[in-house]
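Before anything else, here's the structure in question.
Each chain gets a letter, A, B, C and D, in the order it is written, and its residues are counted from 1.
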Amino acid sequence: MPVRLPFRPRRDAYPPDLWTKCPGCAEMLFNKQLDKTLRVCPHCSHHFRISAKARIEQLVDPGSFVERDADLTPVDALGFVDLKTYPDRLMAAQLATGLRDAAVWGLAAMAGKPISMCVMDFGFIGGSMGSVVGEKVARAGEAALAERIPLLIVSSSGGARMQEGTYSLMQLVKTMSVVERVKAARVPFISVMTDPTTGGVFASFAVVGDVNLAEPNALIRFAGDRVSAGTIGEELPPGYQRAEFWFSHGFVDRIVPRARLRDEIISLLGFLIAPLNGHSEPPTGPTSRSRSFLNALTGARSGDGNGDSRASETGQTRGEATNG
Amino acid sequence: MPVRLPFRPRRDAYPPDLWTKCPGCAEMLFNKQLDKTLRVCPHCSHHFRISAKARIEQLVDPGSFVERDADLTPVDALGFVDLKTYPDRLMAAQLATGLRDAAVWGLAAMAGKPISMCVMDFGFIGGSMGSVVGEKVARAGEAALAERIPLLIVSSSGGARMQEGTYSLMQLVKTMSVVERVKAARVPFISVMTDPTTGGVFASFAVVGDVNLAEPNALIRFAGDRVSAGTIGEELPPGYQRAEFWFSHGFVDRIVPRARLRDEIISLLGFLIAPLNGHSEPPTGPTSRSRSFLNALTGARSGDGNGDSRASETGQTRGEATNG
Amino acid sequence: MVDRLLGRHGPGESHAADPTDAVWAHVQQARNLKRPHTLELVKAMADEFIELHGDRLFGDDSAIVAGLAHISGRRVVVIGFQKGQDTEENIRRNFGLPHPEGYRKAMRVMDLAERYAMPVLTFVDVQGAFPGAAAEERGIAEAIAKSVGMMSRLRTPIVSVITGEGGSGGALGLAVGDTIVALENSIYSVISPEGCAAILWRSGEQSHQAAMAMKVTAGEQQELGIVDIVIPEPGEGAHTDPVETARRIREVVLERFDVLGRIPLDELVEARFKKFRVMGPYVVADRPAPPPERTGITDRLRGLLSNMPSMPSLPGTRRDVPPGREEV
Amino acid sequence: MVDRLLGRHGPGESHAADPTDAVWAHVQQARNLKRPHTLELVKAMADEFIELHGDRLFGDDSAIVAGLAHISGRRVVVIGFQKGQDTEENIRRNFGLPHPEGYRKAMRVMDLAERYAMPVLTFVDVQGAFPGAAAEERGIAEAIAKSVGMMSRLRTPIVSVITGEGGSGGALGLAVGDTIVALENSIYSVISPEGCAAILWRSGEQSHQAAMAMKVTAGEQQELGIVDIVIPEPGEGAHTDPVETARRIREVVLERFDVLGRIPLDELVEARFKKFRVMGPYVVADRPAPPPERTGITDRLRGLLSNMPSMPSLPGTRRDVPPGREEV
């Protein structure tokens, strides 16, 4: 459940300098080049962690993302102090990321089709899930439900946020209860697990997608290895708790390299189509409500099920993704 | 799936002489005494196989069982000949058991409450499931469904009956599709697995009870040990595929000695009460339909949920159980 | 022609005069590892295929594959057994023998089919479920029972195609369809001929007789009313022209989906229920039982011949009316 | 009185002046292995109890027990964690640390509860799910997620009673109820104090501070709105009088079932959804964020005192109306 702070520091994901040393192969990589390869090492395919903003830009039709509820801000309900106060930790994270908390949700289009999406940002206190993150996941799910459009959640989290105590734990219930409604209504839900997806995020919405995708070598786990190895004293095999481990154990449908992720999701969305009323035959196209909704929000053409009608880059700019 | 004929011969279950040697502890047991202990060895608790008739008498309120469809008779649709013809095998089994096939179904009362039940008889071609057995299981389920009374199935079977070819295989679908309807309608289903419950019977209705009970040490398995040990060449542990094995592997709720079986089922039926309409609150007592049905059929008082109101031994005699 | 019906096509086969040998040649043909399996067929049939993995409980069974396919513009869930075509793949696929995880993956993907209104196409080609302790103790029986039960009530059209070996409960676990199709050289049986012979004849050597007695061939199964449609195989058998085989399957399957897709779901599920509810003959004893039918080989071949150029029949019309109790 | 509230009852305990030590004594009390666990409680509460076993998938987890109970004439499904009371039982029960099979058994039995209209009573007392590789690889995360999801929509009343340690997701997997009850000396936390200290303080020795910071005690959890009802423990704690403890639990639980049972199922499930849907405070940024609340120990104890003689509140009245966004 907990956030384990000794994860790779944020510097690695957003280096201030021109070069980054690949932790996979130790090659020095030129950052501009790395951005062109979606922050995947061209030598060893190491997938660097990326921000929610970068993730959204990589996935959705250009300019189609409209952030919602960017103004939701965490509070220190417990008056929590460890080595720092929780407000100090929050402020530092907010300054470093420009986010108010570790998740961004909004509406977007993929291949011209509307989706509701929520993306976690590991750079904000380890992507930990407190009340705001849970709220954003829930609202993304509720929007998917209301509009009968697919829900896409990209996880990147150290787990529940200890500083909000059991409120953080309750976010597992909050998010799962919405996801259960999404599923009961036959609204598609695609979960993408990226490095890392752990603790309470893995033990709630991230693991129960209609389809679970994972990036190669992503760390995915419930119990931390300190717990697993230390407390229980078991020897842990190599590759333990990596995406490929979960694939072979039946919890991940597909391991998808970042360069193929957008196309795979679009392909899947071509199959997972919410029936018009949740209980009968599939629609032949987007519902009128979804269509007008999409048009209104993104200016995109309504999807015809054949792939690549991208929304034009009007209306909203990319920059708004994380600026709300 | 198949019947394995080299099971213990029927002689052991119905010895013509006065004494039986216990296969569990090698003690010689006086048959009349053995009948009083429900054919369980008083020394080692070995549970002898018993006929459908004996099973019914042990379980239901005295005189309450009314057999249905005793006249269903198998046919030789394939013209099947192995070392004998199928009709010859059928005739021998019919003469030996007084049954027309390996299952008996009917309506009865337990502690005054109506149930629909089907009991298999291993003495009839190894309790193998052909079209008649499948039909009787299905009809028992349909009666439970129609009357909204619990379904009780006591299995004792070598598996599907090879002499009826794929018709026997289709009995898995026939029975499961009825059981699915029973479950969807929230009608209780208790499965009792006795020695042996194997092949297609284990791989259909027997394993999917709301509650699965098993007699101690009963052989329960899908693949035969010739297949498991011979074909695959694995070493099989002691106790492999016995009731206790399935208990520890999560497929049997409770192992119940024969002497306690009736009481345990009655207790369970005190909990598993079909809601009046399958979708809402539980009834406070038997439905009026069930009550009149039970009264009409057995002369029993309607159950009040408190146990022991036995039906009087009027109307139907015990002897009809397997004579229909 | 008789040879062809019984599936004796391969080079070097003896044209046995003994009908038992002819049936056995058919069995061998059904087992030919070069026949196209699920992945080969779906690749030939579909414009797009995305395989889904894992049962979300324990593992991903490589002996059963499942995924989403676009076939001629139609979204279809495809599930089937996957033998290997060579030793290496066979080892990786556990010789096509599934563990419980395979059926549980199938059920998970069938649930997607129902929820997102996609018809289900299953390919059946399996000797039987894996008979080892690992499959047994993790509940292969439970997995098959649940899969059979789920298919019996799934609220979307299902077409099952037996492409090779339809072996016992392991096959049935994916073979509960509105329409049961079989490739000409396939077989379907309650137990393998070897298993049947070992038990009833007390000798595995009688497997040819057992295959004969169980009427395992696709044509015989159609005669018995188990199989609805038999698809003739191209050339010397499916393995000699997988692409044409896939084309023939696609044609039949799409026609079935067209017909089944027009039936309201309640009626479709009710018709499927009735289809299997009435399978298996019996008589009521107070009427005289009909004399046992002793079909000779001549009759059997005649039956095969008359059924061979089989035409699709309408489920829901043919199957809606239960046959009389003494139909056999 | 302060001592009592913080659960420092055992013989030989030092009456620590440091509030951190007082909280830690409470933690120790919650972990006392002599406290009654699920089977002890249900035996004391119920006229009849039939335990059901197995997840129908892989095994039977001895760390979670489930079954059918008659309690004062009412049919109730009881599910709970089961630590051992001595070393031998603890080993057999895996120290009360569940594997996925435990939650899957729980879900199977909850399904019976829904289908046969029995309310569900869960007892929560677990350090956390088993953190070893076997639990991990068989999907402890998936099992907990599914159990939480299932409880959030189960169409029957659910009352969860935290009797000892409410530890993390492992506890939550059985703790999604219409009403959350806690024994006075129990704790509830997002992570164990030791785990929290190891991560945030980089030292397990700060676990007392972590327990304090996370406000783990039943009374504090009630203040935070997580726990609805706190039940005072008899004598020197639940372990000193298990029968009286069970009696007090039964009284509260039956009252809750009476109230919850009168709510139509649609409303009940909607109210449960809303209860958890609004948990967790946040603000909207364009309004000034309230200054961080720094509750001192004095305030905390005052809070505990004022909440201690807690009365059952009506869910559906108290919880139906979402609190304002800035309620905390």
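As a convention for this text, a residue touches a chain if its C-beta (ideal position, glycine included) is under 8 Å from a C-beta of that chain, and two chains touch if they have at least 3 such contacts.
Everything numeric in this text was worked out from a predicted model, so none of it was measured.
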In contact with chain A and with chain C at once: which chains are those? Just list them.
D
Of B-D and B-C, the pair joined by more C-beta contact pairs is B-C
The distance between the C-alpha centres of chain B and chain D, rounded to whole Å, is 42
Could you please state the distance in Å, as a whole number, between where the Cα atoms of chain C are centred and where those of chain D are centred?
50
Measure off the straight-line distance from the CA centroid of chain A to the CA centroid of chain D, and report it in whole Å.
30
Please output the residue numbers of chain C that touch at least 2 other chains, ranges allowed.
56-58, 138-139, 142
Could you list which residues of chain A touch at least two other chains?
207, 249-251
Overall pattern in which the protein chains touch one another (line/ring/star/complete/other):
other
Chain A contact footprint on chain D (complex, rising order):
128-133, 135-142, 144-146, 148-150, 152-153, 168-169, 172, 176, 188-191, 195-196, 198-202, 206, 209-210, 213-216, 221, 224, 226, 273, 276-277, 279-286, 289-290, 292-295, 326, 328
Contact residues on chain D for chain B in the complex?
48, 50-60, 68, 70, 75, 101, 105, 112, 115-118, 265
In the complex, the residues of chain A that touch chain C are 183, 186, 188, 207, 210-212, 247-254, 264, 267-268, 270-275, 280-282
In their shared complex, at which residues does chain A touch chain D?
1-5, 71-83, 85-87, 100, 130-132, 134-135, 138, 160-162, 164-174, 176-181, 184, 199-200, 202-205, 207-208, 221-224, 226-228, 231-232, 234, 236, 240-241, 245, 249-251
In their shared complex, at which residues does chain D touch chain C?
56-58, 138-139, 142
